[in-house]
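One chain, chain A, links the two complexes that follow: it is found with chain B in the first and with chain C in the second.
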Partner chain A sequence: MLMTRKPYDAGKLTALLLFLPPALLLFTLFVVMPIGEAAWYSGFNWNGFGTPKNWIGWDNYRFVFDNKAFGTAFKNNLLIIVVSLLVQLPLALSLALILARAFKGAVMLRMLFFMPYILAEIATGLIFSFVYDGDFGLLAAIYRQFGAQAPHLLASPDTSMLAILLVIVWKYFGFHMMLFIAALQGMDKNLVEAARVDGANRWQILRHIIIPLLRPTIKLSIFFAIVGSLQLFDLIMPLTRGGPADSSHTMVSFLYNFGVMRMRVGFGSAVGVILFVICVTFAFSYKKWFMRDED
Partner chain B sequence: MKTEEAFSESGLDWAAFLKALYLLGVVLFVATPLVATVLGGFKSLGELRTNPFGLPQVWEWSNYADILLSRRYWQLLQNSMIISTFTVILTLITASMAAFVFAHISFFGRSMLLNYITMGLLFPAATAILPLFIKVRDLGLLDHYLGVILPQVAFSLAMSILLLRRFFKELPEELLEAALVDGCSYFNFFRYVTLPLSRPILATVGTITFVHSWNAYLVPLVMLNSDKQYPWPMGIMIYQGEFSAEWHLILAFITLTLLPTIILFLFAQKHIVAGLTSGAVKG
Partner chain C sequence: MTVFRRLLGSAVGLACLAGTAWADTTLKWLHIEVNPNQVKIWEEVARDFEAKNPGVKIEMQFLENEAYKAKAPTLLQSKDRPHIIYSWAGGVLKAQVEAGVLEDITAQVTPHKDQLSASAVKAFTVDGKIYGLPHTVSQVGFMYNKELFAKAGVDGTKIATWDDLLGAVKKLKDANVTPIVVGGADKWPLHFYWTHLAVRLGGKAGFDAAMKGENGGFEGDVFQKSGEHFKQLVDLQPFQQGFLGFKNPQAVGAFGDGKGAMILAISSFYHTQRALAADKTGLSDDKVGWFNFPTVAGGKGEASDTLGGVNGWLVTKGAPKEAAEFVKFFISDAVQKRLAQGNFLIPTFKGAESGLGSPFMRNIAQNIAASKYHQNFYDQDLGPSVGRVVNDATAELAGGTMTPKQAAKAIQDAFKQGN
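After this line comes the complex of A and B, so read on.
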């Protein structure tokens, strides 16, 4: 078992047996086993009491895929990813380019922009349900200034997701900005200097030197944006609870609403397994296809 | 020459001006909801409706005072504090012990076990929340702080072990060799050399675990059933349900519950930023 034969082998074995089991036990019990059990439960029609007996095979998966709200939830998750890439990433990158340099106030601005990221999603969601409130909210006040009736953004299936997307950008762009700032500050400044000496203008330097050097960070930022989208839940609850008319569910809020709340263990487990397969497939293929060249 | 200089000078000014304008726009975007929330807590409901942006004409200190004097607020903070503190302590103990083994002791199956742990990074707790609920119920831990703490520890292990292991590996190997030859046990080396030398990374891992646990909603929502145990994110949702249209009170409550996070952020900025962006550096 042990690879080296030294006088302290016995101590090594003791250390192994003392140090490793607590973490392994907790991890296995609460992280790994539930995933396996989810796969097992997903074959049953079960309300969680007693033991699962009513085996229905793949039916739960069929129910999930036939469920319109799940389709919407899946689309919403994709939409969140698209907005993260098209709005959040450029915003974060441009701010990082400005704030990576040291000038008076730069650190304060960085901290201000990072702050939404550490506030609880629940509190953020409540703050924005105030912002969007059709009677008391900030948005309503702006509309009143122009003599218009404020829309109830969160109460309409057409606008609920749009309103949530804005909150997502508000909350998470600062995190991505910090990633870029860290990368920019670790960057070799000689390259930029050399290019400048050679007569490259700012745009050329940005386009041909800085952005290529940031590629690993950009890939990482995209990775986090996608992973974040796949687990988004807390923010949805205070804003819409997935409504109205199931228009603003994410896959996790769908799971909570249709699986946990109704104690449909089999159905909810099937959603969990689908989500798990998506997460793992994504993580592996992203690593394989996009991150292999950088190590 | 002179015109060129002047031109580039004014060009620079334009660029600087646009940049400042852009920054100002983002500052307003980020700060307005936060400032309006804090100030809203000082207004009466009537004033909130007519003047949601500005300073209160009459400062309603009682909104905040009533909450600060209520048992409810402190009970929520106490519950959150118990759950988060124990999550952090248990995570640090179990993760640092495992990371020590992964960093310093070679044994058959080490890399396999490390890969096994790394799996924890791949999916969120939500995927298996129902089986997790059933497991916690069968262990008799529903409605108990431990029913929230143990799953949270388990889910923070993967990241914590990877971060700690990377740090431990950078400590000079000769130190361990020498200590072992001198008859020091692994445990004593871990206790008296590794841990004291690793304070910065322990602080970072501890802070990030704390923030995650402090803000967590889904696991407590599923595991806890009585408001005696609710952490603040659940408490604030219930508060909002009770006072649905009395936004001035809800805003005051939000502000007060965010206060601890903001204080922690101001004091532990460095660790929070390092910790929360450290997934960025591959382990």
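After this line comes the complex of A and C, so read on.
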């Protein structure tokens, strides 16, 4: 036993020595070090010029948590996650169930629904800022048909988030739909067939056969939706830039607006560290609790 | 193979030789100007300088305004930094000086600077050292549409006090005219109201005291009152529908389209309202009027005090000597007159304002010349961090989500946090 294992270990070691250092080096250089640097900067009051000197300890974190706009941004992130899970995923799943079947036009429709996902975020944002324009936009034209004055959705703190959520659902449901379609098509049709033979109705097949079989995909889709929501930035900028009155910031757009644009590198780093902690905690706990049967 | 290698070698050698012969020095000039007509003239000026100084090549680089502000700290600390950069003076300039990324060009510009407006040069002087030169100044005031004013029976030339302005807004509303358009999404167009009220209410002394933290700093009486006055205006709902979603170019365009009677403008909007109007012609000279920001009863500021920008060019650390020479060339009588003739800017070179083509711009030049206290834009003067809080707070005042007291407190808190 020992004799047979030795050459195998040696080979493994060579591979390790050969392939690990470059990966480790790149990972350290571009992932670990910037994270460490951000953590280091977050203890300073620093405008990005020269080297940071003014050590203020945990003050930046206090400033972040004291900031009303950060609270709103955090809530908005949660809101985006909730809407992604409760509106976007069911929508994507039901469309996938319809479009996974082969019928005339199915491919066309899949393409059509997937198209928004291909569009660049900035372009999407710009297009929708025109759609929402209360004077010249598509929305205004629709309202005018009914002789009404269109609201400026993006210009009011009460409706700005609603407008952004609509764009998010519109843009990303196609992606999740495609995930589900791929999973549905890879599914063993015999199981459904067998259930039907056993007299299960449509709802029972969906509830007890299809959805359980889709579970890994649903988990993956939820994971993407949550991580995507946490990272959301490039749709916000062209639409509202976080305004009006900081009502539509996400944590990332908050970081950019209050850290980068104001040359408060220490403050921005603190936001970055907080975001990092949230993402890492989420990613690891999600993997541990929900995705462990997949390995 | 060897033949190929030799050929390649000689080609590279030649290219190097040609390179050195072509330009001993390349000046990298970073600007943020978006008006193509003005950029065209600037390019000609650069070519002109190259012709007069053999061996010097000028490379123009462009960054969009906000992108430039975001990138500047990283850009300036790289080895490949541009040699000449755009600046609004103020707090950002001070931070750059402290970081040691700028070149002291006092000696090089010393006789030349005396020909420029002294107050503008002072904006580019930190602790007695000059780091750049200003090429233009601007004033903030009300631009109005004469036709819409006539429709509502308002005389723009008679608006002198804050109450006059409020009265005019009411009359315009009664006549179903949108009194004021503003680019609220950009926030800084709204911060003009609050800051100009502070200029009127506190004068130079009020601002200086706040900077020293006296009289409650920016939370003091002057600044709370500024907020209260601004709120009087906001309560009349004078702005176009959805103003918090309008970016400045949209608002200026709307004014050019005749969709609003007034806009609190930087004097350079005189040009941009035409370019940004839907029909690209905007309002003609005879339809546009100007009145200075109204005075406030009991205010300590002079009526002649102005709020506006001072813009110019900084020379960065380690830039070749020619950089300062080019800045001087760019801000010389001939070039300044030429830009003034196109009404692109209010020149800083003394006497060049005689080149100003339009009476509108000449009036602005006179206002600035007569001003004893020209306050730089707060969002520049207070530095990027506090300045943006001023913008945020005034936008919230306009949106009704903050009270004057809260706004003043937010600004003072940011000032104390400092940067």
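Here is the rule we use: the second predicted complex is superposed on the first by the 268 of 295 C-alpha atoms of A that agree within 3 Å, B and C clash if a C-alpha of one lies under 4 Å from a C-alpha of the other, contacts with A are read in each partner's own complex, and residues count from 1 in each chain.
Keep in mind that, in the parts below, contacts are C-beta pairs under 8 Å (C-beta built on N, C-alpha and C of every residue); 3 or more make two chains touch, one makes a residue touch a chain.
All values reported here derive from a predicted model rather than from experimental measurement.
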Practice item. Specify the partner with more touching residues on chain A, choosing between chain B and chain C. Key: B
Check your understanding: After superposition on the shared chain, which partner residues are touched by A:V192: those of chain B (first), chain C (second), both, or neither?
Key -> neither
Check your understanding: What is the contact status of A:V260 with respect to chain B (first) and chain C (second): first, second, both, or neither?
Key -> both
Review point. Does the superposition put A:L213 against chain B (first), chain C (second), both, or neither?
Key: neither
Review point. With the two structures laid over each other on chain A, which partner does A:G134 touch: chain B (first), chain C (second), both, or neither?
Key: second
Check your understanding: With the two structures laid over each other on chain A, which partner does A:I81 touch: chain B (first), chain C (second), both, or neither?
Key -> neither
Exercise for review: Scan A:G50 for contacts with chain B and chain C and give back first, second, both or neither.
Suggested key: second
Review point. Is A:S156 touching the first partner chain B, the second partner chain C, both, or neither of them?
Key: second
Review point. Which of the two partners, first being chain B and second being chain C, lies in contact with A:V280: first, second, both, or neither?
Key: first
Exercise for review: Overlap the chain B and chain C contact sets on chain A and report the shared residues.
Suggested key: 48, 135, 260, 265
Point to revise | Residue numbers on chain A that touch chain B, as the complex places them | key: 1-4, 6, 8, 11-12, 14-16, 18-20, 22-24, 26-27, 29-35, 37-38, 41, 48, 91, 94-95, 98, 109, 111-123, 126-128, 130-131, 133, 135-138, 140-141, 170, 174-175, 178-179, 182, 217, 220, 224, 230-231, 233-234, 237-238, 252, 255-256, 259-260, 265, 268-269, 272-273, 275-276, 279-280, 283, 295
Check your understanding: So in the complex, which bits of chain C are touching chain A?
Key -> 66, 69-70, 73-74, 76-77, 92, 95-96, 98-101, 184-185, 187, 241-246, 383-385, 388, 392, 395-396, 399, 401-402, 417-419
Point to revise | Contact footprint of chain C on chain A as seen in their complex | key: 45, 47-50, 63, 134-135, 149, 151-152, 154-157, 240-241, 243-246, 260-265
Exercise for review: Spell out the residues on chain B that touch chain A in their complex, using ranges where they run on.
Suggested key: 19, 22-23, 26-27, 29-34, 36-37, 40, 45, 48-49, 52-53, 93-95, 97-98, 100-101, 105-108, 113, 116-117, 119-135, 150-151, 153-155, 157-158, 161, 180, 185-187, 190, 211, 214-215, 217-218, 222, 232-233, 236-237, 240, 245, 247, 250-251, 254, 257-258, 261-262, 265, 269, 272-273, 276-277, 279-280, 282
